[in-house]
Structure formats: C-alpha cells, structure tokens
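Chain lettering (A, B, C and D) follows the sequence in which the chains are written, and residue indices restart at 1 in each chain.
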Amino acid sequence: METEELLINMGPVHPSTHGVLRFKLRMDGEIIKECTIVLGYLHRGTEKLAEMKTYLQFIPYTDRLDYVSAMPSNYAYVKAVEELADIEVPLRAEYIRVLVMELNRIVNHLVAIGSLLMDLGASTMMMWGFREREKALQLFEMLCGARMTFSYMRIGGVREDLPDGFIPKLKEFIEDMEKRIADYEQLINNNEIFLMRMKGIATISAEEAINYGMTGPTLRGSGVNYDIRRLEPYSIYPDLDFKVCVRSEGDSYARYIVRIDEMRESLHILRQLIDNMPESSIIATQKYGIIPMTGAPYTAQTYFPRIFTPPAGEVYSRIEAPKGELGFYIVSDGTTKPYRIKIRSPSFCNLAAIPQLVRGLKIPDLIAAFGSIDVVLGDVDR
Amino acid sequence: MWTGDTMTNAYELIVNILTAIGVYDQIYNLFEIFGMAYVLKILIVSVLIAVLFAFVLVTVMFLTWMERKVVALVQVRYGPMVTGPRGLLQPVMDGIKLIGKEDIIPAKADRWIFTLAPFIVFVPALLIFIPIPFGNSLIISDLRVGLLYIIAISAVSPIAVLLAGWASNNKYSLLGAMRAVAQDISYTIPLALAAIAVVIFTGSLSTVDIVNAQGDYWFGIIPKWFIFLQPIGFVLFLIASIAELGRIPFDFQESESELVAGFFTEYSGMKFAMFFLAEYAHLFAVSGIVVTLFLGGWNGPVIPFIPVQITSLVYFLIKTYAVIFFTMWLRDTVPRMRIDQLLNIGWKIMVPLALLNLLVAGFLVTAGVI
Amino acid sequence: MNPAEELKQALPGSVMSTGMQVDKPLAVIKKEELLAAAAKVKEMGFDHLSVITGIDYTDRFEVIYNLFSYKKKENLVLKVILDHNNPEVDSLTSLWKGANWLERETYDLVGIKFAGHPNLVRILLPEGWNGHPLRKDYDMDTEQFVTIGEDGEDIVSTDGSNLLRRK
Amino acid sequence: MAWMSKNWTMTGIIMGLVVTLKHVLHIGDRPTVTVQYPYERMKLAPRFRGRHAVDEDACIGCGICEVNCPNSTIRIVKYKGRWFPELNLGMCMFCGLCVDACPMNAIKMTQDYELADYTRESVVYGPDRLLFKRGEKW
C-alpha cells in the first residue's frame, strides 16, 4: 500500500517538551523515522552577557541556567573562579555548599521524576514531588531568601550563614522524605504499565553514551560507574560516605531508578553533613579580606570584595550537577570582567543523543525517553 | 398501589401514579375527545426523556466536579473551593465560561463536518441512557434488544471522533482520531463478548431481565450478582469499557502530553464543551451498564415503607458512583499505556480470554449448574 | 609522565608545545594534525569529550578540547590555534558523536568552521542570523528580529518588517 | 512476545491504588498541604528577597548599588534635594547584590512579593515608594 510520510512539528510550545524545544519528526504512521531537534527558543546569550558583567555580577545569571537546580550551577561557577584565583574556602562554607547542593539534587530529581510521570499521564507523582519540593524550597528560602534562583554562593564562600532553626527543619525534611520516597516507590516502581512504558525503551549502551558525551544519571543508568564527586573529588566529597548509584540496563527505567537511588544517597550525605558541621567563617578572607565595620556580623556582606580581579589565565572546572557534568571554562585577562566564559551544560550534551535514541520508536516513547533524560531548556539554550 | 410487577417502564409508572391520584382518566378523556390518545403518550414520554436528559446533564456536571475533587484528594490538594460550597458550582461557572468563549473554526478546516462532529458525539451519548434501568421500573424503554442497542449506539462515537479529527485539518487531531478508532474497534469486541457471557445466563438481551436475574441470594446472604459468576468477564468488561471511554490508562485519543489534546485540539467554546459533556455522559452510562450487568443493577435489600422505586434508584446510583470513583481513582494512579501495547493486549489477551469466558459460561449453563 | 608529554612522544610532529592548564595537562596541536592527534588521544583512553570551547583573541582563534578518561581518570586539554581570517579546523564528529552539537554551537556562536562536519548549521541562533555573537567584533547595536514562517523555518530581519506588531 | 512474560497479576497497580487511597482518606500523615492563596498565605522567611526598601537616613546616594547591579535596574535620582536609588523592578532579578554592596546597609529587601502591575511605568519604583524611616515598618 502506498503511504505518505507525516511531518510533525512538536513544539516549541507543546505540553511535554519541558519548555520551548522543538522536535521535527518524520513519521511513518506512529513510528519516528527521523527526529531533528531545533533549539534556541530560550537562548539568552548568557555567555555573551558574561563578557559584560563583573565576576560577581555573573553569579545571578548562573541561577538562570538550570533553574530547577540553581545551587550546583552557582557552585560550578564560583568553583571555577576560585580555582582561577587560587582562593581557599573555609571549611564551614564548603559544608554549607555541599549541603545545599545535595538538597538541590533531591529537588531536581523530584521534578525530573514528577515531570516524567506527568508526561506518561500520571499527574499524581508530580504533585507529590512538588509537596516535598516545597519543603526544600522553604529551607532554601530560610537560607538565602529565594526559592529557585538563589544567588547564594559567593567567590570564596557563601552569602549568609545557616539561620536559626534551619538544621531542625532540615532533619524534619530528611525524616519526612524517607517515608515519601517509599510512597513513590510503591506508586511507581512496580506499576505494570510504567514498566511496559519504560523497560527496554530508548536503550543506550555504555560506549555509545560515553561517545555522545552523556553524563549524570543518564550515563550511570547505562552502567558506567562514574561520578565526578568520586573521580575528581572536589570540596569535601572525599570525606563523605556515599555510594555511586549505577544500573546496567541503559533504558529509561534504569535512568529513573538511578534518580530514586540518588535521592536516598543525598539524604545520607545530608545526615553526615548535619552531624559534622564545623564552626568557622563562611567566606574566605585571606586574599580579598576587608576589615569589617565594627560590630558588623561576619557575613559575605561585610567581607564583600567589591572589585574582584583574578589573575589572567584559563581554567576548566566541572562538578557533578544533578543532571550531569556541569563545567565552566573561564578565560581571564586580568581585568574585572571575564574575557570568555563557556558553559558546558549537561542538558545540552544529553539532549544531543535523543535523535539517535528515539529512531524507530513511537511518539509516546519519544516522550518517555525525553522525560527520562531530564532536560531543562534554560540549561540547553543558555 | 404502584409497586406492582406489571410495570416495566417509567411511562407505565407515570400512568399508574396519575391513576392513583385519580387524574389520569380525566386527562385521557380530554385527549380522547379529539381522538388523539397517542398524543398523550408522546407527551408523557417526551417529558420523561426531558427529565432524563436534565438528570444526565446535571450528573455530568457533578461528575466533572467530582473528578477534580478526587484528583485533588489524591494529589494532596483542595481542588475547586471558591464558587459555591466547596466549589460545587464550579462546573456551572465553567459552562458559562465555555459558552462565552469565541467559537473558532480553523481556516482550512472542513466547516460542515467540523461543526457537525460535536453533535454526532453528543447525541448518542444521551441516547445510550434510554434502555438503562435506573431503578425498579425507572427505565424509559425496556427494549428487548437493550444490550445490543447500547453496544450499537456506543459504536457511533468513533465515527464522530474520526470526523472531528479529519475535519480539523490538524495532524495531532488526525493521529488522535486514528488512535481513537483503532482503540474503539478493538475493544468493542471483548466488551461485547463479555456482555454476551452474561446474556447466556439470562437468555435475554433486555436490561430489565438481566437485572431481575440478579435479584436472588445464595444462602440468603450473597447476592446473585453476575460479578461472582463472571469475575473474569467483569474485569474484561471493566477494562474494555475504560478503554472505550478513553480514560487514563487508555486515553490515547487525547493524550495531552503527546498529541496536545488529540481529536479536539482545534475545538473551542461550546463545541469543546459538547465533547467534554459527551465524555462524562459516556462515563456515567458505561458505569451504569457495568452495574446493570455485573453488580446487580438496582437490586438491594428492601427497606419497608419506602417505595421500591426510590430505594432501587438510590442503590443504582450508589453502585454507579462506586464504579465511577474507581475509574477516577485508577486514573490518578497509573500512567498511560502505549497505543500498540493496548492493541496487543486487546487482540492477543482480551479477545481470547473473553472467548474462553464465553465457553465456560456456556458449559455452566448447559450443565445446569446455574 | 602526563598524557600531554605522552602524546608529544607519540606524535612529535603534531604537538607544538605542552604545559599545564591549572591542574590539567595541556597540549597545543597543529591544526592540520588535529584529527590524527585526537584519534591517538582516543586510543590512549580519553573516551569522554567534555567540552569544545572556541575563543576569539582578536588576532587569532583558539579551539580547546577538554578530554577525560573514565578508565585512567585523567584529564587532557587539547588546544588548536587558528588563523583569524579563515578559522577552520577538522571536525571530530567521526571520533566522538557528542562533538556534533558542541561543534555546531562553536560554529554558531564563534564562527569557527569544522571541515567534515555532517551538518554544520546554526544550532542556538536561527539560520540567517547576522554575525557570530561571541566574536569580539560582533555588532551588538543592530537589532535582529526573528519569526517562524509558514513552513516552520525561521526568518531573520534587521528592520522588524517580518513582525506583525512593529515596534 | 516479551509482553507475555510480564507480571499479569497487576500487583504493582494494586499497590499503587492502595497508596493513592491512603492519600484520599488522609491515612498516616498524608494531609492536604496546599493553601487557599488569596485568602490564606504562607509565612515567609525573614530573609525573603522581595521588593526593596531604602533607609532614608542611611542612604548617601553613593551609587555603589547602581554599579553593582547586574541588570542596570538601579538609577540614582534626585528626590527631596538628595540622591536616592530608583528601581525598575521590571528588570530586577532580586539577586540581592545591591544589598550586599551597600556600604551603609541602607538598602534592604522586604517581604513584599505581589508586584504585578498593569503598565511598565508603574513597576518603576521611585524613592517615594522605596524610602522608609529607621524604626518604622516598611
């Protein structure tokens, strides 16, 4: 029978493209013959903006890259600048940084799992995930005054110390979260329909995944025992006890399970951080120390280097963000503004594998595969 | 009094009530003078149908509210709370909003078919209620082929869905319509086969006969509902009817995360409302049919001093709402299937199982066990 | 011995110099030899191409490849220096599929051409955009307006004539 | 025929139904958590970064906040004979850098977050709307 190919344009405005992404699909009935991804609908020129901002002014812009998990973006940037300027960060600041990053990892995975299930048609998980996310966001609000775009990290430390009542509330959150994760698992993990939709869908082998430059839960779901927190330990991760969650199947279900396991591991890390939280200053003073006003509190506000000039040089520094490897390549020419900042965003590189993953699958599988990769368009388009 | 077993439908019930009050003869004579006694019958039946449709529409509006409340409860939310007590008037406001909306017809759509499709969906969704027994003698017409009628009428909606999808001139609509038709066709077969297994027991396609056959008790306690005789048939029928309804986990025709809104992507305003109402009317009807076939219809313990018409209606509604709640509850728990998986299950599992079930039912009846 | 030195020993003709970029070994490669050097590097176990950065230094372009080896847990930075008038370098898509989008992005924003790339078109900006924004001589004063046309392709204009609502 | 080997007892779905029913009936610490927003509000943290407020006595109009603002939100304008910042909240991203930068601790961020307005002009907050006297509630 003579059949015609169907060209379908999914997006830029479509319920399941997690923002403004456009798939151009060449379809044979329901089967995808070719998938082309069109990007750039959220391109804000962050890298160009960076050339016009001072090093400090760029911190709020890093929030807007991956707005679901802004703390790791913040941290990746300040870490790169600290490496460039060779600043030693006080221990308490590092503890607080890791604490907020792990909390943000939980938040990110809640959103990732929630939106994955939402795309599959089960809206309940989204709401349950947002219930816990709200508690985490309230913690962030207590800490830095913002709920999503924190602008909390500072070069050499963090902006403010932990407020009173933060630790008890965090403990409460951890307790609560344990029970809720059990609920999620009961709802989803063995659901036959979920398994039908996820198992064996969009499988990618370890070699392929590495070749595509995929990172994060996506790569760990393919059986690569990798985690930058382990491979290139930064901050205080060498002192912490945690397990790298790996699944060998490489399908959508494995990626989902890795995320659930990582939430557990993050809770484990949070507990260790609470128990060992040291007392020290929260911002480095050795290089850019300013004598505080008498009686002023010991915060970033009083130790704020208003003009920050790192030495000329180049640095590439990367961290394990919730979505994968987040790197900042910073070129400094010794002035107050960076000469060039290149952002290696995990979503961008993970998304590049989608056309390969979904070839020969159906539209619902495209949705499932895309959801399981966990992409934030702010991070893709920058 | 008007509790006799001779009444088979609501028309006779009305006639009996009017007779009991003592006004029926006068009215009848009034019409008789002009030689138009049949006009009276038409009049009464018309009023009954109007009452039925009004009841269905109110129920449908209530169902939209209920759906939102059940979803909200599962999702630790409140749901609509502002309009009316606990948001009960929300459907009314939604209706007003939808009527007030601009009725957009896409430039390249097939205007006639595009306008016609919502009506073709809506009318069968109401007609399906004609042979459904809401209670003892609360039935518009006890058709001898009631079950066949229901299956036939519900088979009209795929045509309208296809019309809507085709006329919209939108690829998403077309895909949604194609899916809907494929799904409806493959699930009507297990649906019908599961229903026929019940018919084997009763020997009649009439819904009233089916309900009456379930009136007895085993050992005086366990009601003789067909769910206990036909557990597999019940599960098959329930799954097939949820698939026919196109609700999660089988909502391919409108799967919003894939096809935006499926076949009614391009519809707005009142036309959209008609699809929406038809969907919920269908839900109510199908739940009623499930109750009629497997859950004993309006049967229930007799309460003295209350007319059996009222108690039976209450029993029927309680059971129907239980089934509706189940579908809503299921909707909040499971993700959506994939269309090819659905068709696989339909043809490779449901149809063989339904045939097997039919065979077992036949043996049971032939052996005289029941 | 760090991987940059190793690479220099293996391919003395193509490595111009070696050094350190903070804590990562750096090898500057001749641009003609990049593909051969990259193939050698991949053989050495550097399986993860982390990022490709293109930098405009007004007198030259530099393309920097950050590599990582999951087996050896080592970093390596490759750098190529390109002529400012005609920045062109071999594409690495044959070695790393992930290079595809990274190179397209570098082409889009910095304007470096990658010879042998299967589909070297703009990725973040619409096709037809004037200039490459991350070049230092990019004209930031000219406004450019983008709409999606009937066939789904982007239309770029500098006067806003393609917009329904004019400014 | 891989789908034939699946678990057809539907235990997974039944377990899911149980956990959703627990939520419907609020069994075991699963209460409704949302709030009825316009009638009921969540308590904000003391550090919440909302609309700005400027201490009238402390502000010296030095313009450091203007320099430090990443988005050029702040402009120093003359008001009652002195120089004060004026904020265009339409461009503000509430990062708090101006607060950090202020040498006199004059600029603060309040708990006011309902800032939507009808025109672009009305989200420009001049000194008349930003200033507060020390001791009084902003």
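Just a few scattered comments:
Operating definition for what follows: a residue touches a chain if its C-beta (ideal position, glycine included) is under 8 Å from a C-beta of that chain, and two chains touch if they have at least 3 such contacts.
The model shown is predicted, which means the values in this text are computed figures rather than measured ones.
Hopping across touching chains, the smallest step count from chain A to chain D is 1.
Chains that touch both chain A and chain C: there are none. The chain pair with more C-beta contacts between its two chains, of B-D and A-B, is A-B. One finds 47 Å separating the Cα centroids of chain A and chain B.
If you average the CA atoms of chain B and of chain C, the two centres end up 62 Å from each other. Computed from the mean C-alpha positions, the centre of chain C lies at a distance of 39 Å from the centre of chain D.
Those residues of chain C in touch with two or more other chains do not exist in this structure. Residue positions of chain B touching 2 or more other chains: 74-77, 332-334, 341. In chain D, the residues touching two or more other chains are 3, 13, 16, 20, 33. Contacting chain pairs in the structure are A-B, A-C, A-D, B-D.
Residues of chain A that touch chain D in their complex: 53, 56-61, 63-64, 124, 131, 134, 138, 141-146, 149, 151, 159-160, 163, 179, 183, 186-196, 200, 300-301, 304, 306. Residues of chain D touching chain B in their complex: 3, 13, 16-17, 20-21, 23-24, 30-34, 36.
For chain A in complex with chain C, the residues that touch the partner chain are 9, 24, 39-40, 43, 45, 47-48, 51, 83-84, 208, 210-214, 224, 226, 231-232, 313-316, 318, 325, 327, 329, 331, 339-340, 342, 344, 348-349, 351-353, 356, 381-382. Partner chain D is touched in their complex by these residues of chain B: 70, 73-78, 81, 329-330, 332-334, 341, 344-345.
If you check the complex, the residues on chain B that touch chain A are 71, 74-77, 171-172, 175, 248-249, 251, 255-260, 332-341.
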